[in-house]
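Each of the next two complexes has chain A plus one other chain: chain B in the first, chain C in the second.
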Partner chain A sequence: MSFLVSRIATLAITAAILFYAVPPLIGAQAWVALAILAAAAGGVAYLYLTPKHIAAKYLVPGTIFLIIFQVLPILYTFTVAFTNLGDGHRGSKQEAIAAIERESLVEIPDAPDYALTVALADDKVVFLLVDQDTKAVQVGTVEGLSKLDGAEVGVTGKVLSAPGYEIIQASERDADVQALVVPTPRGAIKSSGLSRAIELEAKRKYDAQCDCVVEGGKSWNADDARGYFVDSDGNNLIQGWKVNVGWANFTRTFSDPNISGHFLGVLIWNLVFALSSVALTFALGMAVALALHSPRMRGTRIYRTILILPYAMPSFAMLLVWRDMFNRDFGLLNRVLGTDLDWLGTPTGARLGLLMVNLWLGFPYMFLVATGALQAIPRELTEASGMDGASPWQSFRRVTLPLLLIALTPLLIASFAFNFNNFNLVRFVTNGGPYAVDNSLVGKTDLLITYTYRLAFEGGQGQLGFAAAISTFIFAIVATISTIAFRRTRAQEEVYS
Partner chain B sequence: MRTFKAVWWRHAILLLVVVFALVPIAFVVSAALNPLGTLNTAEIYPTGASLNNFKNLFSDPSHSFGLWFVNSIFIALAASFASVFLSVCAAYSFSRMRFKGRRVGLLSLLLIQMFPQFLAVVAIFVVFTEVNELYPTFGFDSIWGLLLLYLGGALGVNTYLMKGFLDTVPRELDESATVDGASHAQIFWRIILPLVAPVLAVTAMLSFITTINEFLIANIFLREDDAKTLALGMFGLLGPDSRNANFGIFAAGTLLTAIPTVSVFLWLQRYIVSGLTMGAVKG
Partner chain C sequence: MRAIRIAGVIAAVGLVLGASACAGDTEPQAQPSKDKGNGKLEIWADPKRTAALKPFADQFGKENGVTVTVKEILADTIQQTFVTGSQQGSGPDIVVGAHDWIGNLVQNGSIDPVNLTAAQKSSFEAAALKAVTFNGQVYGAPYAMENLALIRNTELVPTAPATIEDLVKAGQDLKAAGKASEIMCLQVGDKGDAYHIYPLFASAGGSLFGATASGDPDPKNVAVGSADSVKAFTKLKDLGEKGAGALKSSIGGENSISTFTSKKCAFLISGPWATKDVKTAGIKYDISPIPGFAGGKKATPFLGVQAFYVASKAKSKALAQEFVANYVTNKDVAKALYDAEPRPPALTAAIDLVKATDPDLAKFLAAGKDGFPMPAIPEMSAIWGPFGNAEVAVVKGEDPATAAAAAQTAIVAAIKK
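Right, the complex of A and B next:
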């Protein structure tokens, strides 16, 4: 019975999703997407109708989301790392040429002056153009100009009526009117104000013969390796296109002295930061858990509730609160201590400050998991070592700590990976600062991820390809360290069990 | 007396840590109650008490705290429920079934989480520009689209935690149920799920906290003021010009944001310790 119900439910949900998703795809004529959707729906229907593949039935729902929103973006990032995608290199070569020509449009001095009337044909905006000298009427569309007969023209040159067209006010479809470009043999006609249109000409033109852009006597040759049009002096036009650059983004990390010098420094601080964060939070969390772990302790519940509060407070807000407590002019620390210190203004101060904030945020989690793991260690073990004459310190060092470490290593590794990329902490508290006077790109507390973020999204840089390459490095580093750590735990586990 | 002698050092350590834990929180409480409501008048102890900051938080038309709050709670609850469900399904399969690619699958789950997600925003932007055209309900500025995105991270460390916990549930239970004629679905719903309630509670809470604090992706995704989450909205409150002036309002908002998390925590406290234990030990 339940077999049948669950089958029907699955099919109903799949059908409902298809019912919702298919019509817009057909409307947009996205046949590839439609085919993928159909294949996926077919696969899901088959999976849940057959009694086989039980494991897959439980794995598929989460995996679908994982693939769409995590695996595909990661693969996309990998491919971007081999291109020069970024500001000035967004689209294809055709798009770059079109943009260059569009941006060099200037009014042709001896071109006819047109009176503009905006009209609709099949709900598309078109221009009805009246030549002010000859009074000839033409229709301008995205395809080009054509003659129009039978139009009634008013004294100002406005078209009053025309067969097959509905005259409208230009202001009704303002955006469409401004966007419409009517191609002409010499260039293009665009609107200029609400009742006038002018003919423009591209000063820079693409010449397919030499694969170059020409303006007057000057020319810029296409450099397909860099994705730019370059003149004989090596200067390039701003607008470029996306090309594959091979391993250039990766080698640049080491070969460009502006970057390799910082990269190593940032990497070392990043490793120190992640390791110290894990070590400090674990040490404090474990100390608290050990202190509470005694049958004779009173008030454990109230201690536990208070100690967990930093973890339960919204961390994004508390990061900003910490930042403002450190503030030199208004901050709590300077007022309470009566000092005038620029806490986050020196490299050492900022680094220690970050570690302290991270300790505050992170120790409750470690306290929780250490408490859990401590309770799972049989008391007989520590008691037995006590009877054998071990001091409390020895029995902690030799018995409790190793057992704790084995139990908690997966979580410690996860914590390392999280802190290695702890974007929010650095971004909100120091924003990478303090910065050296001569270098606004890398700060003393920058992690690789905040540095990459700045490269990719800020300061007019927009070097997405390069940022993707650094991301790939980050991934390789974290994954390697984690895998080694996992291997070692597994080996240890076999020794102890 | 003897008892106290034996444990006094424990209390000493704990009290020190309690002070460390409470100082910033006390500062937030006092700043929220501070009638002047600026950063440079806030002290660690309240110098006066008024609820003005709370009132301003809701009445000031330039920001819609109420909406942000509702958005955040909704999205955090929905994301944590859905992701706990997706992840317990996967954990069940990893723990109870043997299939090709099981070990590789488990390892890849961990490794995928280690990729810095934020660059994915470029890809996400490309994808959702299309989605926006086709299905506006799930496009930018929509909570539903953001929810889908968050579900991409449902399988991950949490699956590991749950798998460890499921491994501690004796297999004999399933086997005897199978002998009695139960299907795998019945075993999952009727036997496994009730037994692993503690770890479900833990992962739900962890995921609730992560979601409510998420900033990066939400920042790209939600652009209209009314669609924002608390993390985005409150970040905007402390903009460059209003950092000093709005601090009291900000502190009041922080306290209100903490209420749901703290209550969930107190409610689930019993489960949380045992849930993390089992998962961690067998992880």
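Right, the complex of A and C next:
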């Protein structure tokens, strides 16, 4: 019965996606995508309508989600890494040219100020223009201006009626109104709002012959390697476009001394931070779990509730609270301890501070999982080792800890990967600081992720392409370390099983 | 064998679905030129302005027979959301934001110039109009201005200090008398704060960028490490923790206003946003221009301007132009926005309207009279971090020349990609 329900549900969802996706795909004339979508929907329908492929029925939904939410983002990040996508390079060359030309449109200084009335002639939008000074009425079309006789003009300059034209509200045909450009000898007349039209002249024009933008005698040539129009002095127009840059984002990591020169130092602190965070949170979490696991312990429920609290509070807010507690003159820590320590102003203080905050935030999780794992270890084992004359420390070290580690190592590796990229903690508590006086590029508590975030996004350009390349590197580092760790765990498991 | 076949089926179906999702993304959107806008206008604003804008948006909608929606976007993310949304074709027709966004919005081709008549242009405060002008084009209709000023506890200090030296002296006397624990509340923090320190830095002769021929900030000429700026950093060092003790890294954005309202310091350097807390705390206060160093230049604060922009991918661009050019220049709209958050309006007529009821307004305007519009060039965002680091270093007593040189290196490295 439940099998039937889940089957119907899966098919219904597939059908819903299909119906939802079809109209926009047809609208965009994306026939290939449409065919692929239809094929996929057919595949799913086949799978759930035949009694065969039982295992696949369970695995397909998960696999689809895995691909959509894990594999595709990784592939997308990887492809972005080969482009210069970022602020100033978001759109196509066409869009950049359009933006440059739009920016260079200036009002012709002595041109008349026109009151605008929008009208229809043969269902085509035209402008009825009244010169505010002379009150002369003209009609503007894509061909140009021509004189209009017999129009009745209101006090504000609106045309009330004109023979052969149907007057309409400009807002009814907004897109046509903005698209209409009336050519004039000096430039062109365009609408400005709903009731006014102005004569504009484009200072800069794109010339397809030389693939350049010209203004008077000056020209900017398209540089398709950088995605900019550049003049002979090397100055570029700020509107650029997205281009493929090959491996440039990756090689920059090694060739740019601002990055490669500090990479090793940051990596070492990053590793120390991630490893110590895992070790400290695990040690404390496990110690507390062991203490509460003891059969002689009373009131364990209350203790457990209290211990979970840091984990239950929103970490964003807690990070800011901790940052304020470290304040030298007004912070809680110095006041309680009676010290005058510049916690976040010295490298050691800031690093210890970060680890302390992370310990406080992270140990409840380790406590929770260690408690769970401890329940699964039979008490007879430690009792037996005690009978054999092992001290409590020996039986913990030789019996409990190895069994705990087998269960928890995957979680420890996950915790390592998380802390390796613990952006929020560093960003909110120290923002990478303190900095050495002679080095404003990289702070003493910067992780790879916070350091490269600053490089990529705080230099006036959101350099998404470069950020994607760095993400790929960090992914490679974390994946390598995790793989090695998993290998070792598997070897250990074989010893103990 | 069976396992392999199952895996094959799974992989095939999964890949196909994934690929269709992918292909769907990369295909062009439905042609927007055929879209008539359907008589709709969408405005994006941060939560504070959304409520104030709603009634006027509705009125505009009624007058023009269209539906106007005002969408609330978080203040921290609105610029990024707008740039990304615009690019994908899901952006609004109008966006409300700070003038220093303009450089970034223009380089992304996200906004269009706004064509104002000569009369409309002259209805704005000159500084506000200058702030929204970029590459010779007016890119937005300004509606509010803001700048820093010196807020003083008049119970502790009856007269405004003429120079920073006088201010420090008055603060030190209060401290010696046990009436205050800090000389001045100027937020520095662990990361530094270029915005708040800039008036003093400028008064001491420092500058961020050189100027181009047209007088705009020149990103190719970063001046943070120049000899004049080093001198300015040296003066900040003298005010710092190893000097007069007026600047401290322990006073930051999170506690500077509250330290003032709890009467631990007699001087607060802050903007119009601080007056609400100061009033709530029941402190007798006065607002005056930020004093400069004796014999130095004027302590010019940054001038920030809030403006309405027309999105270049607006679906109802004519409507949007109409709203921005003719509605934002309406003094009642400016007044409503002022009531939502008391920043001085950019419209001269609106200033006159609220001046009578709000004495602080004229004082903030006076303090910002010589204000320097915050550079709108995209490169400005490379300044904040490194400048802040240099500021913290000298406040803690480190060598100004080394700190300025390090900041210069980092800024130039960030600008030159």
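Convention: the second predicted complex is superposed on the first by the 321 of 497 C-alpha atoms of A that agree within 3 Å, B and C clash if a C-alpha of one lies under 4 Å from a C-alpha of the other, contacts with A are read in each partner's own complex, and residues count from 1 in each chain.
In the analysis below, a residue touches a chain if its C-beta (ideal position, glycine included) is under 8 Å from a C-beta of that chain, and two chains touch if they have at least 3 such contacts.
Owing to the predicted nature of the structure, the values given are computational and were not obtained by experimental measurement.
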| item | value |
| --- | --- |
| Partner chain in contact with A:F330 - chain B first, chain C second, else both or neither | both |
| Touching partner for A:I108 - first (chain B), second (chain C), both, neither | neither |
| Touched partner set for A:A376, first chain B, second chain C, both or neither | first |
| Touching partner for A:N421 - first (chain B), second (chain C), both, neither | first |
| Touched partner set for A:S192, first chain B, second chain C, both or neither | second |
| Partner chain in contact with A:P24 - chain B first, chain C second, else both or neither | both |
| Partner chain(s) touched by A:L320 [first = chain B, second = chain C, both, neither] | both |
| Partner chain(s) touched by A:T63 [first = chain B, second = chain C, both, neither] | both |
| Chain B versus chain C as contact partner of A:L72, first or second or both or neither | both |
| On chain A, the residue positions that both chain B and chain C contact, one per complex | 21, 24-25, 28, 30, 55-56, 59, 63, 66, 68, 71-72, 320, 324, 327, 329-331 |
| Partner chain B, residues of chain A touching it in the complex | 2-3, 6, 20-21, 24-25, 28, 30, 54-59, 61-63, 65-66, 68-74, 76-77, 80, 284, 287-288, 291-292, 294, 296-298, 303-318, 320-322, 324-325, 327, 329-332, 335-336, 360, 363-364, 368-369, 371-373, 375-376, 407-408, 410-411, 414, 417, 421, 423-424, 428, 449, 452-453, 456, 464, 467-468, 471, 474-475, 478-479, 482-483 |
| Complex contact set, residues of chain A against chain C | 21, 24-25, 27-30, 32-33, 36-37, 39-40, 43-44, 47, 53, 55-56, 59-60, 63-64, 66-68, 71-72, 87-88, 90-91, 95-96, 98-99, 102-103, 105-107, 113, 169-179, 191-196, 198, 200, 238-240, 258, 320, 323-324, 327-331, 342, 344-345, 430-431, 433-441, 443, 454-455, 458-463 |
| Chain B residues touching chain A - in the complex, by the definition given at the top | 3, 6-7, 9-10, 13-14, 17-18, 20-22, 24-25, 27-28, 38-40, 42-44, 86-87, 89-90, 92-93, 97, 99, 102, 105, 110-120, 122-124, 126-127, 133-135, 148-149, 151-155, 157, 159-160, 183-186, 188, 209, 212-213, 215-216, 230-231, 234-235, 238, 243-244, 247, 250-251, 253-254, 257-258, 261-262, 265-266, 269, 272-278, 280-281, 283 |
| Footprint of chain A on chain C - complex, ascending | 3, 5-6, 9-24, 27-30, 32-37, 39, 64-66, 80, 83, 87, 103-104, 106-109, 112-113, 115, 117, 135-137, 190-191, 219, 248-252, 254-255, 259, 312, 315-319, 321-322, 325-326, 377-382, 384-386, 389-390, 392-393, 396, 398-399, 402-403, 405-407, 409-410, 413-415, 417 |
